[in-house]
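Following are the structures in question.
Look at the two complexes coming up: chain A is in both, with chain B in one and chain C in the other.
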Partner chain A sequence: MKRLVPLVLCFIFGIVMIITQFSPHPYSKRVYEEVVSGALIISPFALVLATITLIQTHATRIRRRADHWPYSYIVFAGLITMVIIGVPLGPKDPVFEWLYNNVQVPMDATMFSLLAFFIASAAYRAFRARTTEATLLLVTALIVMLGNVPVGDLIWNTIMSWTPWADQASAAREWVLDNPNLSARRGIILGVSLGVISQSVRIILGIERSYLGGGD
Partner chain B sequence: MLTKLVSMDRRIVFILVALAVIVPMLLHVSLPVSTSEPTQKLYDFVEALPAGSTIMLAFDYGPSSFPELSPMAKALLKQCFDKDIGVIAITLVVDGTTLASTLLEEVAEEKDAVNGEDFVFLGFRPGATQVILGMGTEIKSVFETDYYGKKLDEIPMMKNITNYDQIDILVDLASSNTTEAWIIYANVQYNLKIAAGVTGVMVSQMFPYLQTGQLKGLMSGILGAAEYEDLVGVPGKGKQYINVNSFVHLLIVLLVVIGNIAYFIQREREE
Partner chain C sequence: MEVFGIWVAAFLTLCIYSFLYRDNPLYRFAEHLFVGISVGYGIVLSIHEGFIPLAWNPIWASLTGESLAGLWKLIPIAFGLLFFARLSPRHTWLIRYPIAILIGFGAGIAIPNMLRANIFEQTRGTVAPFGAIYAGTLTPWEIFGAILMVVGVVCTLTYFYFSVEHRGPVKWLSKIGICFLMIGFGSAFGNTVMGRVTLLIQRVDFLLIDWLGSIGALF
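This part shows the complex of A and B:
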């Protein structure tokens, strides 16, 4: 019974939502709107679930003295501080805004900025023309990188000034993105879409049950 | 020497990157930017909208992408306010609320735009897909009030706006896969026109949608921001950052070329 009810609900809602996509009947439209409204109510519960999971994970790490466990106290300190200020006073509260602008924004931006250093170092090590495929990747990367910045146009124009492709750095980048990239991306999108459709059908029909937990 | 060059200490690379960022900033280098077609298309679309039109601007990014995407938002908002186009701002990312409200207030103050008349900020609601689908039926069913707590019925700009039918285009400023969600659920389901401004790493993902016409225009990373600033005629952070970016890209290209030359010489000697 514990497993049957979610399976039946999943089947009914799945079939009904498919029908609403193909039927212009006002009743079908009404059902669609009601289901979307219902889903909007369910969404915030995911946030509650995520918060509970976060607390459980870090409480366990502290209890078991796992690697870097003292950092979990910082997670709790941040969570509690923002909840104490944010929930009663709201997101427009000056203290909440100050914490956001002066703690979260610089920390987040700093973490992301560090990527530039690691990408530069990784590119230097990884982009070696060892094989034909690696050479293709290397040449493509250099064209896109140069086409992505104004200085690329200057360099390209200097090197290619004697060829018919002078002044075409950006065009070369666009060509790479528009042709080889687009073809590969479209293949991926089609593959993923077909996978999603088949998986959805399996879930609606109750063949795929891993979302219920328990592993079968 | 060659071995040292092939396996250069990464700390040297880090120092070189830091110099490539700091030196152009101090020297105030300014390079000319040529406009790419996808950015031009977005600019032309917004430029062709008559006064009194409405665009929806989604701030779907957090602080980590703020330097790349906020110059786009500023340039676009300035263009809209100058042309008397109403802006409905929202965010599908919880981190984006304070960023969006601060940026809107800053540009509004500069352009004398009035909250509720020239722009509305609806804020955040959890559940991206449900929010997109819900607004297609009725915006009020998802956002009863704006970010500042004012009922939508009491906001003059929202009087004649019920759902996507009254929105001319949605511009999604995104650092994750929200643009694809907007395309799948708002464009396909409700025929809402979509354009985007995305971070540099996401640009290649967007090209299939540009080709199909599901994206009316695209600002690609900090280059797109600089291009849009140029088009609107308001040079800002985008132009400043793209100049710095130029030197970092140039450094990486040089490092890759030098690394490969050293690698081939070393391999030849070993053979």
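This part shows the complex of A and C:
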């Protein structure tokens, strides 16, 4: 009951999803749409559970006076504000949109832009051309970056003025992206896809059971 | 309200950039606010764009007598509610039911999609130029690119092929595969750097033009 029923459910839903995608019958399409809709209904409950876990974690931090515990109140403030405004009034509400545009979007963009600084220091360590592989990494990254910006054209033209490839920074970038880069990506995609398929077959057949966790 | 929004966004932007100096209370404030706001936003979206149109509206239509088909939606809701069994130590095992359904659903949907989009299409894209070579429509440079593509894909796959020992020809194919992988990682790194720098420029542009401009507008 505790392990067999989940394995059977996993098998049924997996097989149904495979069959319905290969069958063009209208009844099959209807089943496919219903199962997709059902999965989309179940998923938000997982998000709510994750939120409860987040609240428990921060409540524990406050209770135990852990390091930086007062900031847990800030998490609650942000969460409660968005939920109180957004759930009853909807995401199109002007106040909710204001919060999204002036609080979430700027912080999101700034957090990611912060990585520009750290990536620069990581680049210094990674790009020291000590081996053939590191040199390839360095040269490719430089070509891609130079081909992306106008100042890159200027630098490229200055360096390559004596070669037949002068004024070709963007073309060089495109060639690198469309040929050697794409072939490596295709190799990775093919390998990953074969892995995903074999793992999916193992899950559907009940060979891979780690998602059930431990215990009975 | 618009100017106030610009000031709030500028304050939060500067709070996060203060981390470049070192970890400090302003950064921690912004970081925790970001977590709370993002989670709240995710909940609101999943309710209004997932639960309400897919579950609540059909059930409401059933309750008002429009269509009884909506009552079927009670089944996924019941399975979804089993997620909360996690909160009761005695009934934690019940969470396996919705997880098993979602895992089975994901595995079942992945197999045909991976086969179609990632195996067949990528293989077709790799060998398709050889048809054009046969038809004589490619330039010598494009033919070189098509051959390079096949060599790159084969060598990259060889690098990830662990069923045979990497010795002799396999070792050399694998070494060439590493070179292609490095070019791929270099390209990904270059694109990531450019993406992050673009975001940085956009934020600095916001601070210099919008925020400092709003100070001028106040007077």
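Rule of thumb we're sticking to: the second predicted complex is superposed on the first by the 204 of 216 C-alpha atoms of A that agree within 3 Å, B and C clash if a C-alpha of one lies under 4 Å from a C-alpha of the other, contacts with A are read in each partner's own complex, and residues count from 1 in each chain.
The rule is simple: a contact is a pair of C-beta atoms (placed from the backbone, for glycine too) under 8 Å apart; a residue touches a chain by one contact, two chains touch by 3 or more.
Since the model is a prediction, treat every value here as computed from it, not as a measurement.
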First (chain B), second (chain C), both or neither touched by A:Phe13: second
Which of chain B and chain C A:Val31 touches, first, second, both or neither: neither
Contacts of A:Arg128 with chain B and chain C, given as first, second, both or neither: first
Touched chain A residues, chain B compared with chain C: C
Contacts of A:Leu138 with chain B and chain C, given as first, second, both or neither: both
First (chain B), second (chain C), both or neither touched by A:Leu177: both
Chain B versus chain C as contact partner of A:Leu154, first or second or both or neither: first
Touched partner set for A:Tyr211, first chain B, second chain C, both or neither: second
Chain B versus chain C as contact partner of A:Val83, first or second or both or neither: second
Touching partner for A:Phe117 - first (chain B), second (chain C), both, neither: both
On chain A, positions contacted by chain B and by chain C: 37, 39-40, 42-44, 46-47, 91, 100-101, 104-109, 111-112, 116-117, 119-120, 123, 138, 141-142, 145, 148-149, 177-178, 181-182, 185-186, 189
Residues on chain C engaged by chain A in the complex (per definition of touch): 1, 5-6, 8-10, 12-13, 16-17, 19-20, 28-51, 54-55, 72-73, 75-77, 79-81, 83-84, 86-87, 92-93, 96-115, 118-119, 122-123, 125-126, 145, 148-157, 159-160, 177-194, 196-197, 199-200, 202-203, 206
Sites on chain A touched by chain C in the complex: 2-3, 5-7, 9-18, 21-22, 34-35, 37-49, 51-52, 54, 68, 71-72, 74-83, 86-87, 90-91, 96, 98-117, 119-120, 123, 126, 132-134, 136-145, 148-149, 175-194, 196-197, 199-201, 203-204, 211-213, 215-216
Footprint of chain B on chain A - complex, ascending: 33, 36-37, 39-40, 42-44, 46-47, 91-92, 97, 100-101, 104-109, 111-112, 116-117, 119-121, 123-125, 127-129, 138, 141-142, 145-146, 148-155, 170, 174, 177-178, 181-182, 185-186, 189
Complex interface listing, chain B residues touching chain A: 8, 10, 13-14, 16-18, 21, 31-34, 36-37, 62-67, 95, 97-99, 101-102, 125-127, 129-131, 133-134, 137, 141-142, 147-148, 200, 203-205, 207-208, 211, 220-221, 223, 226, 242-243, 245-253, 255-256, 259-260, 263-264
